[in-house]
Every structure is written in C-alpha cells, then in structure tokens.
Amino acid sequence: MHHILIQKSKANILIIKMIHIILLISLLITTTSNASVQDFCVADIKASDTPAGYPCKAATTVTSDDFAYSGLIEAGNTTNIINAAVTPAFVAQFPALNGLGLSAARLDLGPAGVIPLHTHPGASELLIVKQGHITAGFVSSANTVYIKTLKKGEIMVFPQGLLHFQATAGKRDAVAFAIFSSASPGLQILDFALFASNFSTPLITKTTFLDPVLVKKLKSVLGGSG
Amino acid sequence: MHHILIQKSKANILIIKMIHIILLISLLITTTSNASVQDFCVADIKASDTPAGYPCKAATTVTSDDFAYSGLIEAGNTTNIINAAVTPAFVAQFPALNGLGLSAARLDLGPAGVIPLHTHPGASELLIVKQGHITAGFVSSANTVYIKTLKKGEIMVFPQGLLHFQATAGKRDAVAFAIFSSASPGLQILDFALFASNFSTPLITKTTFLDPVLVKKLKSVLGGSG
Amino acid sequence: MHHILIQKSKANILIIKMIHIILLISLLITTTSNASVQDFCVADIKASDTPAGYPCKAATTVTSDDFAYSGLIEAGNTTNIINAAVTPAFVAQFPALNGLGLSAARLDLGPAGVIPLHTHPGASELLIVKQGHITAGFVSSANTVYIKTLKKGEIMVFPQGLLHFQATAGKRDAVAFAIFSSASPGLQILDFALFASNFSTPLITKTTFLDPVLVKKLKSVLGGSG
Amino acid sequence: MHHILIQKSKANILIIKMIHIILLISLLITTTSNASVQDFCVADIKASDTPAGYPCKAATTVTSDDFAYSGLIEAGNTTNIINAAVTPAFVAQFPALNGLGLSAARLDLGPAGVIPLHTHPGASELLIVKQGHITAGFVSSANTVYIKTLKKGEIMVFPQGLLHFQATAGKRDAVAFAIFSSASPGLQILDFALFASNFSTPLITKTTFLDPVLVKKLKSVLGGSG
Amino acid sequence: MHHILIQKSKANILIIKMIHIILLISLLITTTSNASVQDFCVADIKASDTPAGYPCKAATTVTSDDFAYSGLIEAGNTTNIINAAVTPAFVAQFPALNGLGLSAARLDLGPAGVIPLHTHPGASELLIVKQGHITAGFVSSANTVYIKTLKKGEIMVFPQGLLHFQATAGKRDAVAFAIFSSASPGLQILDFALFASNFSTPLITKTTFLDPVLVKKLKSVLGGSG
Amino acid sequence: MHHILIQKSKANILIIKMIHIILLISLLITTTSNASVQDFCVADIKASDTPAGYPCKAATTVTSDDFAYSGLIEAGNTTNIINAAVTPAFVAQFPALNGLGLSAARLDLGPAGVIPLHTHPGASELLIVKQGHITAGFVSSANTVYIKTLKKGEIMVFPQGLLHFQATAGKRDAVAFAIFSSASPGLQILDFALFASNFSTPLITKTTFLDPVLVKKLKSVLGGSG
C-alpha cells in the first residue's frame, strides 16, 4: 500500500478505491454491529440475572471505564476477629466480567490473619501472593490435605468446590490476589454457613457431630439464630 | 412402501432397488462407524482419566449389559454411627455414564439416620424420596438455610457445591435416590474432611474456630491424625 | 474458640472482637449478595426464556418451597391406549431446576404399558426402576439395539438424542423415575411427531417409506392432519 | 395398529382408546409446552442480549420462515479496494441461529480479491469453496503458517481466534461459504482494527513496530483517526 | 521501525537489539510451545476417543494438508432406492475438526431424491443449498412441522436432535452442504434404526404402533433381522 | 458429640460406634476413590493432549507440591527490543491447572516497555497491576478502541480473542499479573505471526496492505523468512 502510495501515477485510481473502501467499512460496521456486541457483554446488573449471566448493557453506552476496576487498590479492613478481609471483584462489583469466565478478589491478612475454611461452589481459584507469606491448603474428596506455605510471587491452585483456607505465615501482613474461573464464583464460608445463619442447633449437631454447647457459643459470637 | 409392495407389477423394479439399498446401508455404516462411537463413550476405567472423562472402551466390545447397573438394588449397611449408607453409581462404578453428564446414588437411612453435611464439588443434586420421610436442607452463599421435610415421591434440588444434608424424619427407615448433574460429582463430607484426614488440629482450630479439645476427640472417633 | 471462651481473662478482648466480626459479616453479606444469587437461579417462567434458561426470580422471594416439588407423588393416569403415563418435572413444572443441568419425570406403566419410541433432543436419560419389571432399550447411530429387562432398583442409561423406549415386562404395573442431564431435555415421541402433527402424508411416506394407508389410519387415531 | 384396525370386532374398544389417546396427547402437549420451546430459541433481537444469546421470541409466533434465510443468495459487491465482500448470516441477521452454536457467511472474491487477515474471537471456521480457486491460510500461536490452495468442493478449517485470510487464486472469481462454530463468531479485521479505528498512531507504532508514516497513510485510506 | 531503519546513525543500536529480540523469540517459542498445541488438536484417530474428542497428533507432524479435506468434491452415488447420498466430513474423515466444534457433509439428491427422516443426536445442522431446489423440514417436540422449499443459496437451520428430512423439489438434481455444530454430530436414520437393525418386530410394533406385516416387509428390504 | 464424650456412662456404646464408623470411612473411601480423582486432574504432560486437556497423573503420585508454582517469582529479562517479558504459568508449566479453567502469566515492563499487540485465542484476560503504571487497551470487532492507564492495584479485563496490548506508562518499571479463563489460553503476537514466521512477503502485503519493503525489514529484524 505504502509502495503504491509513492507511485504517483496510480493516485487517481487510489482515490476511487478509497471511496469504495470507506463505503465498505461503513457497510461492514453496520451489518456486523450486533455481532460485535458479543465481543463482550457488560452486565446490566439492574436487570434479572440468568444462568449464564446478566443481560448486556447497550454497547453504545460502554466506555473504556467499564473495563477497568479500582476497587482492589485499597486494603480491606483487617481489624476484626479473623484479622483478614476479602474484597471481591465479581460481576456484581465489576460488571464487565459478565460472561467472560473469570473474576478476582483481594485478600488482606494481618498478623495471625486467616480466611476461614470456605468453598467457591462455582469456580476453581488461583492464589497469587503479592506480599508476605501465606499458608494455604485444601482438602480433597478423598480427605487428603494439600498444604503449602507460599512466599511473594508464588501461586497455588484450589480445585472447584473443595474446602480451603489461607492464613498468614509469620508475623507480618500478607496480601494476595485470588482469581476465579467464573465471573460469579460464589463464596460459602463454613463458619458463617453454620454459625451466622438460622441453621438450627439440633440440626447442626445432628449433621456435624459438633457439641451443641459449642454450636450455641459460636452462634452467639457469629450472629446465628436457632 | 407397503403400498408399492402390493402392486405386483412393480416387483422387478423393487428387487433392483433392494440391491441398491443394501449396498447403501453397508456404505453408510462403514463411513459413519467412527462417528457412531460418539453416541456414547463407555469408560475404559483402567486408562488414565482426563478432565472430560475416561477414554472410551472399543465400541465393538460394548453390549447391552454395559448400559445397565444393579449395584443400587440392595440396601447399604446402616449399622454404623450415622445409621445411614450412601451407595454410589458414579462413572467409577457404572462406566457407561462416562461423558453423559449424570449419575446416581442410593441413600439408605435407618431410624435417626443422617447423611452428614457435605458438598458435591462438581454437580447439582436432585433427591427423590422412595420410602419414608426425609428432612433435607442446604445453606446458600448468603447463609440462608433452605429446609424441607419430604415424603415418598417428593423431590428436592440442591444447587452445585453448597453444603447440604439428609436425615430421617420420623422413626421409620427411609430410602432415596440422589441424582447428579455429572458422571463424577465428587463427595466431600465435612466431618471426614476435618476429622478423618491428616488436617492438623492447630490449622483446623485456626480456620474453623472450633475448640481444639473437641477437634481431637472427633479425630479420635473418625480416624483423623494431626 | 470454645477454648478461648472458658478463659475468662480474655473476655473483654472477645467482646470487642465480637463487634468486629458482626460488622465483618454484615459487610461480607452486603458485598457478596449479588454473587450469592448465582448459587441458584429459580426460573421466572413468565419471563422470556434464553438459550441458557430463564431469568432468575428475585432471590429475596425464594423460599424452601421453591426447591421441592410434589408433582411426582401421584401416579399418572394410565387408562389410555399406551397404558402408560409420563409426568414431567422439567423446569417448566419445577422452576428451581433452571440452570442446574438436571430434571426428572415419573413413568407409570400399566400391564402391557409402553412409552413409545422417543428421543430427548437435549439430554441423556437415566432410568431408575421403582416397582415392577421394565424392558427398555435404545438404538445407536450404528443401528445396534441395546435392550435390557430391569427389575426394581436397577438403573439404565440412554445416551443423548437416541431413539429409546420403555415397556412393562410381565403382567404387573411398573413405576420408574427418569432423570435427565438438562433442566429442559425435550421429548419427541416418534408416533406423535409423525401421526399427531400436520406432517403431510405424502411427505411422511416419502421420508419414511411407510405405507400411506397406514399413515392415514394412524393419523386418524392420533389426531394428525394432512 | 394397522393390524388392529382391520379387525372390525375390536372397533368399539378402539373408539374408546382413541378418546383416551387424544386426551393423552392434549395433556402431554400442555404439560411439555414450555419444554418444547427449548428445542429452539429464535432470537428476539430487540431485547437485550445475554452471554448465552438473546431471549427467545414467543414460540407461538415462530413459523417455518424463521428457520430459513435468503440473504446469502446474492453475491456481495466486490467493487472495492479488496475486490471482495463478506455477507454474514450470524444471529443478528438470522435470529433462528440463537443458541444453536453455528452460523455462516458468504464470501465473494473478484479477480485479485482478498479477505484481509482477520480473526473470529468466538468461533472456529470451516471454509467450503463453491466456485473458483482460493488460497487460504492461518498462523498458529507457534508462528507456523498453514496455507493451502483449494478448488471447488474442497474444505479447510481455521481454529478459533487465529489470524487467517482468504484470497482468489488464479484470475477468475471465487465464491465460498464460511461456517462458524458459534451463532455470533465476531469478526476482527486486522487492518480495520488498526487503521479504520481511532487507535492513535503513536500507540500503533509502539505496539506493532510499524512505521508511523505508513500508519498515517493507511489511516487516511481506511478512515481511521488519531 | 521502518522510520528507525532509515536513520543510519541508529544502526549499531539496532544490531544489538536484533540479537536480543531473536533470543526473546526463541525463548517465547520454547516456553509456549506446549500451549500452542492447544490452538488445534488434530485427531490421532487410532487412539481411543474420549468424551471431548480424540487425543491430539503430535504438533510437529501436523502440516497444511491436515487442515484441508477433498472428500466432498465428488458427488456421492445416488443410484439407490433413495436417489440420494450423504458424504460426511466428520472428525473420523477429517481429523483436524477434532475439538473445534463443527463438521460438514455433502448431500447429493437425484430427481425424487430424499434423505429420509433422521436426527443428529449431538448437533444442530445448517443446510446450504448449492444447486437445485430442496424441500426440507423438521418436527419440534410440540409436534409442529416446519417446512420450507429452498433454492440455490438459501440456508435453513435444524435444531439439535429433532427429526428432519431433505428431498429434491422439482425434477432436477440438487446438491447441498450440511454443516454441524459438533465434530462428531452422529446420524440416526429412522428407517435404518427400525428396519436395518436387529430391533425385533414385536418390540417395534409395540413401541411404534406400526403394522407387523409392514415392519417385516421393510426389514426384508432394508436388511434388518428379528 | 463432645457433649456425649463427657458423659462417661455412654462410653461403652461409643466404643462400639467407633468401630462402626471406622469401617464406614474405610468403605466410603474405597468406593469413592475413583470419583475423588475428579476433584482435580494434574496433567501428565508427557501423554498426548486432548481437546479438554491432558490425561491425569495418577492421584496417588500427586502431592502438595503439584498445586503450587514458583516460576512467577523472578522477573523476566526485559533487556530486549520490547523492554518487556512475559513469563507464563499455563498448563505446560504448571500441570495442576489442567482442566481447571484458569492460568496466569507475569508481565515485566521496563521503562518504555511494551507487550506488543496480541490475542489469546482461547481465553479472556484479567490484568492486575502489581507495580508502576501501565497503559493497556484492546480493539473490539466494531473497531472501537478501549484504553486505560492503570495504577498499582487496578485491574482491567480484555475479552477473549481481541487484539490488545500493555505498555509502561511513565518512566518507571511496571509489573503485572495476567490471568486467563483457560489453562491453555494461547498467545498470538501480531508481529511474530507476521514477521517472525515463514508467512511470505507477497501474501502479507496482499492480506494486510503493508508496504513490502517494511515487511522485509521487519522480517530481517524479527527472524521471519519468505
């Protein structure tokens, strides 16, 4: 093309072709404009969700700002009983993830911090240690425990739906990013499911063999009823 | 065709066509024989598994017997601490399920029987009560508990990856079938993950807030170490 | 935790922590409340369906009752020409199945009952015999027929999209549950597709080689036109 | 059935059965009517798209005409700088494709025609040469180039997301059909992405090593800005 | 880059950079070489199939020839009772389709030709008429028949798993390409499933209501037994 | 359970129950041991890949070390023409990712560093800025450019298969993690596809409109032939 451009004698032909190509582009953009929406589907989170994700925002209203998210810049508040905080960037917080099959969260762990045993019902997780040392592990269906202490830059994977945890190793703060293989991985924290819910104490003791006195104590701490 | 057959004058043409069609069938069966394997893929469970399931047994060795399974006829032995038994018909037991996206299990519940809190990391579950009454429930990510007491013929669904349980309601035995949306749903029983594994007591107490004395007692009962 | 509780001297610290954790729970529940919807997506079946299922009912309106279904308790009416009845519990009847990848149906078979040859375009099927004896089978793409006579408690699998049938074996009633690997498996009954539709007799005879006199007779019985 | 029909003595029984079966059909059609929608989901393209496709048009408004499309009959206009035209039959043009996992396009190539280097972000492509000769190729992630010159009736496959092109081989017009493994495969033409967009010249030169003078010239031809 | 090249004074720097970049490329090609295999997975069809397709041929043995297929150039032999022929290009014939989610077949229809009623258990189909006129149709789960007569260049879609047919319209030969949303769509021809198999006549009549005399006649023509 | 334990009088019963439960666990572990393999499928990368990933390593040989990876700790060498390095942790480097639907890479960007325009044919990407400032962007199918300058802790998403880039913003080094929605996302760098391959100069100029002199110059720098 450049080669053609410096050959002046072909300029007239070029001008005619230019007109054609501009028409062509207009045409292609018009006819494929609906298809292009499928490149992405930024969630209209006010609309009803579906099993595959939210309906898409109109493509004409999507801007660069939709594709970036600043909510993980700041550390979460770790002044709590677990000395830890989870800050999610799931589709509910970052609508551009809708339909793209991945999401993230920031983990802040103070000294002695712990993300208690939990599962993600809808995704596998990849942990990236950004700062400090973290001991993390999961339990398989065969009741085997896989545990590692990770340092900055190390990564670890937790297969979908299995119980796992992360805890500060050493005395210093730790920070990590958790990445999920779904825009909406879900998060079921074992203690909250049992002791911050209205799961009745008799049913909990029946289905877990835990001591009812302990169950009631933990419920009183974590806010559960029943 | 029948219409043609009773018109005798067309018989000669028919015989010629017959020869053609038999040739055609031979041809079609030959050229599509590999594709037909894809109707099903009975697992060769001695081969290495893959993320999508086991390699297929050679189609020529597959018989009607491969597609039926008798392992759920007999009740499981409920003479144990949970007064209950789970008998799986997953791909490992019933190789014809390989790649077909569903499996089953039989639940036998004695009086006061309970299938303790558990998850299936890879599947949703549909429970069909065959006999007796069963109280079943699950806890959502939002820590809401959904519980129902079901009678014979009633069904209940447990979404993928969430903690759930089943227990005998009333004093009589109960039997149910559990159906899963995967040939290999997995099964993580909370108590076994914690107390029948080598998950160390300090890590359990740190990640669950359970009392270490209790953890050790349950480990001694359920066979865990650490 | 329990361990801590009995150490009185740590009580004050505990109270402070309690406040923190209650705040934490509030926070986590708030920030993950949209994600929690993704645990399940009970169908709003009045809304327009999508290729992945119906939009979800608002999570706040979902109760335990949504997750159980009683429509399979009662036997279907088998006083008909096939001495059989199929009672579905697909997403249309049981909206909680939406997006969960499985569904069920109850089959009632009188003496000499038969579920005529049919396919499920969108799912594989697992049959569980609950009562009586059933002869069931399917035909593969390679035109091989796989047939078994099953007794109570036996299960059989029918790969997706293939022609199959179930029929009473012996003289007594039979009951079975059919389970599907989709919340909306579809059901195409061969005889109804041909003879209860407006599929014209000339086209049927042309595309099946069946006798036009027979086609017309069956149409008159099954209610087809053309 | 036919056998029964000619046995006059069974006629009365038959009439009774007829009534039953007609009732049965009504019942089945009623109870499965929602499920039947799932056979197909003709797009309501005025509604908001979702990650899995558009909401479905009401099944009652769907006719045979929805399932056929005439937009690929006519040749596209190849009087343009690339001497070629792409006419899509994606879900936006042919709404019946919604959720069915495939789509098509017609390629018209004049003498010296070329479909410039492009990708389909969401689908693999199968090319079927209908007329003339076409040289086509793709580049793999390992930077290997796979090129073939195809004649009428030959087919070639281009794996998902890889750069590929088609060009007239020889001096005569060529026509082909491109088939995609998605109802909405997307189409990113390299030259248009770079030179018909508002991608700034400094960023293009920085991220491609192309000469800024050339970039500006191509932008002026293809209508880009920046 | 070009801009840099004509500035002679920067040549020395360039040479140094060239060495670096060549090293970089070597490195990148090495470290991503396994990943690049995932661009495509040309089937090793001698190995055991899996539910997701065949194991891949070694990438180093793959050439341009693997991605093209000539088997659809020639018309199939239509000198048979259906005056028609189906020539498949499924993964078994064209191994490069493995894992790519699409395949093709050529349909040749003589005058009065017909592709009898059939289903594809594993794929939706898109028909492209290449020559002549074709009447095609399918029956939905709701027993609605959707039929169209198509001319050259028209396309029609048949949703997954539903009974459908194609037949010559008019007196002239017709040719079409059928495209599938799976590399291994399967093909179950109704007449062959019933009458070219060992499906016993009593079971066929029981499950289809067809007349046993007719069934036996068709079996004798199509080569079935039982 | 704990409640029971301190009631000494129930000790004998307990001992009996203990024996039962240990038997139960043994039984359950035995019968579900194959299923447990499906929790994860650590790749046996010496075996042939399949479209769904590699065959699994034997579960008995899997240890905690399999689930962690240290290859992203060290910065890549940015002393090259792009002042940047990409260090992948795809399934080929980190076999535990097999079948889990996600992977990662480390990006090191020196001052003026750039990851040139590229696509991932098989995955969407989420970028997490770990250090410094990065300008990143992608071009949609509609030829719209979405660009953002991100600071530490900000994230940005790039939909699957679209051209995108990352470049240092400002004068200081930058580091980021890129996360992918596939264990094997692929990586096609535009410049390498064109100029580091054996893609012939005439075909490149024909399919991109680039000047042949420039193409040859870039090929000489990047190591391409033809």
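Letters A, B, C, D, E and F mark the chains in the order given here, with residues in each chain numbered from 1 onward.
Basically, contacts are C-beta pairs under 8 Å (C-beta built on N, C-alpha and C of every residue); 3 or more make two chains touch, one makes a residue touch a chain.
Here the structure is a predicted model, which is why all the values come from computation and not from measurement.
Asker: Both chain A and chain D are touched by which chains?
Answerer: Chains in contact with chain A as well as chain D: C, F.
Asker: If you average the CA coordinates per chain, which chain's centre is most distant from that of chain B?
Answerer: Taking each chain's C-alpha mean as its centre, the farthest from chain B is D.
Asker: Same or different, please, for the chain B to chain E contact, judged on whether over half of the interface numbers appear on both copies.
Answerer: different
Asker: Mind checking the centre-to-centre distance between chain B and chain F? Centres are C-alpha means, answer in whole Å.
Answerer: The answer is 32 Å.
Asker: Hey, how far is the Cα centre of chain D from the one of chain F, in Å?
Answerer: Distance between chain centres, rounded to whole Å: 29 Å.
Asker: Rounded to a whole Å, what is the gap between the Cα centroids of chain A and chain E?
Answerer: Roughly 37 Å, centre to centre.
Asker: Which residues of chain A are in contact with two or more other chains?
Answerer: Chain A, residues with two or more chain partners: 1-2, 32-33, 35-36, 38-39, 47, 50-52, 121-122, 137, 140-141, 143, 147, 159-160, 162, 186-187, 192, 196, 209-211, 213-214, 218, 221.
Asker: What are all the chain pairs that meet the touch criterion?
Answerer: Those chain pairs satisfying the definition are A-B, A-C, A-D, A-F, B-C, B-E, B-F, C-D, C-E, D-E, D-F, E-F.
Asker: Name, in rising order, each residue of chain F that touches chain A in their complex.
Answerer: Touch list, chain F to chain A: 1-3, 29, 32-33, 35-36, 38-40, 59, 63-70, 72-74, 89, 94, 96-97, 100-104, 106, 123-124, 126, 128, 130, 137-138, 140-143, 146-148, 150-160, 162, 177, 179-181, 205, 209-214.
Asker: Of all residues in chain F, which touch chain D in the complex?
Answerer: 114-117, 119-122, 135, 137, 139-141, 143-145, 147, 159-163, 165, 167, 186-188, 190-194, 196-199, 203, 206-211, 214, 218, 221
Asker: Once bound in the complex, which stretches of chain E touch chain F?
Answerer: Residue positions touching the partner: 1-2, 5, 14, 17-18, 20-25, 28, 31-39, 41, 44, 47, 50-56, 58, 98-99.
Asker: For the complex, which residues does chain E have touching chain B?
Answerer: Interface residues on chain E, with respect to chain B: 45, 47-52, 79-82, 85-88, 90-93, 121-122, 184-187, 189, 192, 196, 211, 213-214, 217-218, 221-223.
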